[in-house]
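Please see the structure below; I have some questions.
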Amino acid sequence: MSSLAVVLAQAPQTTVINLAPGAGTPAADPNAPIPTPPVLWAALLPILVLGIGGLVLLTISSLLKKGAPRGFYTLYTVMVAGLSMAAAVPLWAKVNGWTKIAWWDFRDLWWQSLPTEAGPFSTLGQAIGVDGLSVFLILLICIAVILGSLLSDDFLLREGLEGPETYALLLFSACGGVIMAMADDLIVLFLGLETLSIAVYVLAASHLKRAQSQEAGLKYFVLGGFSSAFFLYGIAMLYGATGTTNLVAMKDFLSRSIPANNALLLIGFALLLVGFAFKVAAVPFHAWSPDVYDGAPTPSVAFMASGVKAAGFAGLVRVFVVAFGQYAADWQPIVYALAVLSLVVGSVLAIVQNNVKRTLAYSSVSHVGFILIAVEAATPAGIQAVLFYLASYTFMVVGSFGVVTLVGRVGDGRHSLDDYKGLGRTNPLLAAIFTVFLLAQAGVPFTAGFVAKFYAVIAAVDAGSTVLAVIAMISATIAAFLYLRIIVAMYMTDSDGRSASPVSRAERIRIPFATGLSLLLCVLTTVGVGLLPGPLTELSAKGTPSLVREPARTATDGGLTVGTTGTEAAPGQSQQQG
Amino acid sequence: MSTLVPAFAAVFEQTSEHTGEVTGLGFPLLPVMVLCPLLGAIVIALLPKERVDVIRLVAVLSSVAAGALGIVALAQFEPGAPGFQFVSSATWIESLDIKFILGIDGISLFLVVLTGILFPISLLASKPEHDPKGYYAWLTLLEVGCLGVFCALDLFVFFLFFEITLVPLYMLIGKWGHGRRVYAATKFFVFTMLGSAFMLVAIVSLAILAKAGDGGTISFDLQKVIASQANLGTVTSRLIFVGMAVAFMVKTPVFPFHTWLPDAHTEAPTAGSVNLAGILLKLGTYGFLRYGLQLFPEASLYFAPTMITLGAIGIIYGGIVAAMQQNLKRLVAYSSVAHMGFCVMGLFALTIEGVEGSVLQMINHGITTGALFILLGFLYRRRHTYELAELRGIQKVAPVFAGVFTVVMLASIGVPGLNGFVGEFLVLAGTFIAHRWWAVVAAIGVIIAALYLLWAYQRAFHGEPDEANRTVPDLDWGEKLVIAPLVALIVFLGVYPKPVLDRIEPAVRRVLEHVEVSTGRELPSSRKGADLAPLVGDGHGASHPPATGLDPGAEAEHAEADR
Amino acid sequence: MGNDVNIGYLTLSAILFGVGAIGLLVRRNALVMLMCIELMLNAVNLTFVTFGSMLNDITGQVVVFFVLVVAAAEVVVGLGIIVAVARRRPGATADDLRVLRG
Amino acid sequence: MGQYLPVFALLVLAVVFGVLSLLVSKVLAPRLPTRAKEAPYECGIIPGREPPERFPVRFYLVAMIFIVFDIEVIFFFPWAMVFERLGLFGLVAIAIFAAAVFESFVYLISNGALEWGPIKRQQRSALVSPARTAETTIRRVGLEGRPRAAEEAA
């Protein structure tokens, strides 16, 4: 419900009531209409669709006397996420300046309400920005929601937890994630972050039958609250240093004048990085992720590992790489340290685990390290590598956790390595699918993982940090060892023993339709992108973010109008301005 | 198939600007050859698990087809033509100028043919105990990797195929090996993966720093990178060379990185170890030649002494440790370390004879060690052991088997008249010109090789067969059929290596001239080599004019005239 | 830029934030942790308002509204989870939440 | 200093009023102490047993619902001050916000958060056992401790 508060939030500095201390009545006459910023509802459509979709889901479920028909909630969630993606397509066309994609001609739609010229644009008084990055992220988060809801369809039935709650929470956290992706204002970013994480805290604690789930939820909540307080304190510092919380205005302020003592600025950077590092589980703020991933119900873990991390990185890229590009020299060392730590600790600790879910949690920490080396490059190629890695990583992770959901069987508790022993013999198809995902995460060629790691290494080497690339590759090799252990457990352990004995009924795991569909989707994309990385490379190339001013408005409006339309950066163009 | 080929050809348009004149015969030879086993692997994956005979048939057919295409390439090959032949390329990722280019020249031609021959023979030579479907699928996929590596002309595609060979072999050793197979497989995987991790960073930094593409963009095309690697600083090019060298040193087990080889060999199934020894070890030495010498002439010149010493150590160390082995397969594995030591030494002698000998040694070693492992496979099928202690007096019981084993073993020792000798002699001659004392050390290595192989033969084959060995049946006709082509090749190459040398020599000369041109320093052999030539009297007509300022064109007609 | 009063406020809010942070790390009882988070968020509110008055800009105060909303939402969710945990084991302190380890 | 005089006057009045009312009740009120009246709270009923260690969850639920709607009111205040100047935009904005919060209220009701009646078990099986009737299952809350009510019921 607080997500809607965001949409309504007037951009702070356009309200003219300045209650300057001591001034009795406001300067302007009392009943003059307050100028409100123009709202491009078309730009807000993706957010609205997800938010209202979640609300309507709750209403329907509360009005239905007896339970909903089987699979209705999943279908509904997939439809809402699909609709949100469809709403994002015209924005994508607008940002890239096309007027029609394939058969869909946008001119007749609500097109005229969008600003005339092509290129990224912002609305709600520069609070929400629509550019390549935000639309790419909308698509990615919606895909994560679709895959997540498909996985949880049969899972909830199996665990006896039917009900709309999980799906509503998925939609609300996606809405929060999308707000974060589109946020050009630090406060809107914070609200998106909070909407996302509060929904995910409850999602983590939603398995009522398992004590670990509640405990995971509480741990995630306490540490999440702790880190969002740091994040907010960082925003306060930046507000103190630059006098505004809007990233566009902040960038102008910093380019115009160098603040005398940028102590506030540096503290702000550090604190913001703490908040972001916690959200994406980079070391040393990763302590929560193995416990929470182990405790929380597996389908919601799939969403947490993909959607939440994508939104976290979107915020990180937009704030640091774009808004504070000039000050890259200040924050790059911190990101460098985070990357190295995440890579090394992520892969080393993963080896000592014997619980598969916990191993995957640590391996996702080492993936975060890889994405951080692309962020550390702070170049357009770096951003493209981040987006490519996030996209391919989402499918790999959701797929792997999909298989873990199935192997977890009733009670979602059987995740130790010997539950996977001989899986190659008892469930050959499931084992083959899991091997594809594991090899993809290890970065074996002809899988999306390899190409993603390749682009990340290129971005790092291009930006001159070759040492980082070498460390990354070595930790990828160490991480490969842990994926091998799982493959060994599945295929090679008892193959000589009772290989001939027929597989008993209990061992064979039935792959339900919805989970099968999402696994199929993930496998096809992982191998497809591995073979033909072209299309996804184009998409991520177009996903370069750029901070952009409010489009020009007639002189009559009061408030902070900005003269020319400062659409600074055509997509993919030089990063400095963008 | 007929409709498929033109469509396929359209994808791989025949770029002839590499070769200048000779283009492929309008039919994308190399892509079909590389992807033919892939087709086989896919078909096998789709076949039901029970139809073992059909699966085996599809596997053998697809690798024989690839071998046949290799022979066609051998026949069509223009010996003297500069540059690469049968080049076909399809763009893959435009933004990074990554193209799927395949092409071969004198050096990679015979390695491709060797792969084409060895794979079908290894498939026929042995049968897996359990789960044949996975076994044949992984083997055909391994062939795709091997063929691809030797034909790739794009750094990214080379790295891709280099990594592709990793997973199938890991599965083969891990699932169908014996003894401590999981340990050996994991050790093999991690060693190679670590090496290739360094190589990836090296390739990426090479592509970016060399700014090879037209207009200084990133380019992964081998030709462009070779042309523009000059604008790399000496230190960076040396660093990148080290990065690449680590991967290749792990792959050809050069001394410090060889520990994975004995385990991988002894635990691998027969077909696995035949291909591992026959082809996969050549990836490293081929890599050194194509991506070491050609790409970083100055750096390879700088590191030549160190590499030669490592090669020499490898020869001596391999020989001594092999002599002490009780397990026959481990003995052959260490002998491979020694033979590959020869190749490395020949390569970094940087003389025409040295490099030529090293390429020939790669081919000969592939044939002889492949044959040795097949024979050991037959032995294992009969006695289910490799331990020398348990084998005695097989000569009396299986004379034909012993006879064939003797021929192959003598070839491996390097007895004149068989193929081992030609390669090793050229390597020794080349090294003698450049680094006199290393050649002496290497010669000692040859003697040690003779020592441990003959001793092993004597222990296993001579003497009275006790009751266990008495029942060893002789080779049946199937096995004879399998081993016959290899023995024929061993004898043929030993007696008349001229056709092979004719095709290797121009390519090697071009590489060395490229090294001379870019480093600007006279390579030791080019002058003194000429006067040694009459002594050697090797087949391909030594009466060249002294090799000062030779232009390739003249050399080409000369070779033409000779034949 | 800020005269001594504002610096005073800033240091006060920094102290409050520190107390909240340390409180969260030290105290065991889940409810106390919840209160510490609230304390930290309100410390940040104070910082915002101080900067607002120093820059003579309304944004500082408007932000406080949103922080309040977020703090309230967190309390509601936090209470919900703590109650869920407490129903299983009364008197839940962070110590005995050791089911998940490693 | 002059303009703060009314503030002081108000302060004094407040203090005087507080003290006065305490004194008057202590002096004039009749003194008939009984145990119920002396008990700290529970408005005169002598608590039968210590307050139960574990409260039913409904009490917490009420607290949470209160917080949600309290926050909603916070946003109504600034809106209320300038709603006519905000015009349609303001109205639409606050309408969506109110609808969202109200929807959570609908969800709460449908999930039975506000039903405080006796615990009505959905009858899973047809009839658990004939001996159990409505009287036996409903807990007697708050009847003990009242002297008069206890005698009538017995």
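Residue numbering begins at 1 within each chain, and the chains themselves are lettered A, B, C and D in the order written.
One rule holds for everything that comes next: a contact is a pair of C-beta atoms (placed from the backbone, for glycine too) under 8 Å apart; a residue touches a chain by one contact, two chains touch by 3 or more.
Every value quoted in this text rests on a predicted model; they were computed, and no experiment measured them.
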item: Chains contacting each of chain A and chain D, listed by label; value: C
item: Interface with the most contact pairs, given as the two chains involved; value: A-C
item: Farthest-lying chain, centroid of Cα atoms versus that of chain A; value: B
item: Chain A-chain B separation of Cα centroids, rounded to whole Å; value: 47
item: Length of the line joining the C-alpha centres of chain A and chain C, rounded to whole Å; value: 25
item: Between chain B and chain D, centroid-to-centroid distance (C-alpha), Å; value: 85
item: Rounded Å distance between chain B and chain C, as computed from the means of their C-alpha atoms; value: 66
item: Residues of chain A whose C-beta touches two or more other chains; value: 2, 5, 17
item: Residues of chain C engaged with two or more neighbouring chains; value: 69, 73, 80
item: For chain B, residues contacting two or more additional chains; value: none
item: Full enumeration of touching chain pairs; value: A-B, A-C, A-D, C-D
item: Partner chain A, residues of chain C touching it in the complex; value: 17, 20-21, 24, 30, 33-34, 37, 40-41, 43-44, 47-48, 51, 53-63, 66-67, 69-70, 73-74, 77-78, 80-82, 84-85, 88, 92, 94, 97, 99-102
item: Sites on chain A touched by chain B in the complex; value: 439, 444-446, 450, 454, 457-458, 461-462, 466, 469-470, 473-474, 476-477, 480-481, 484, 488, 491-493, 495-496, 499, 533-534, 537-538, 541
item: Interfacial residue positions of chain B with respect to chain A in the complex; value: 92-96, 130-131, 156, 159-161, 163-164, 166-167, 170-171, 174-175, 181-182, 185-186, 189-190, 193-194, 197-198, 200-201, 204-205, 207-208, 218
item: Chain A residues within the chain C interface of the complex; value: 2, 5, 9, 12-13, 15, 17-21, 187, 190-191, 194, 198, 201-202, 205, 208, 211-212, 214-219, 221-222, 225-226, 228-229, 232-233, 235-237, 239-240, 243-245, 290-291, 294-295, 353, 355, 358
item: Residues on chain C engaged by chain D in the complex (per definition of touch); value: 65, 68-69, 72-73, 75-76, 79-80, 83, 87, 90
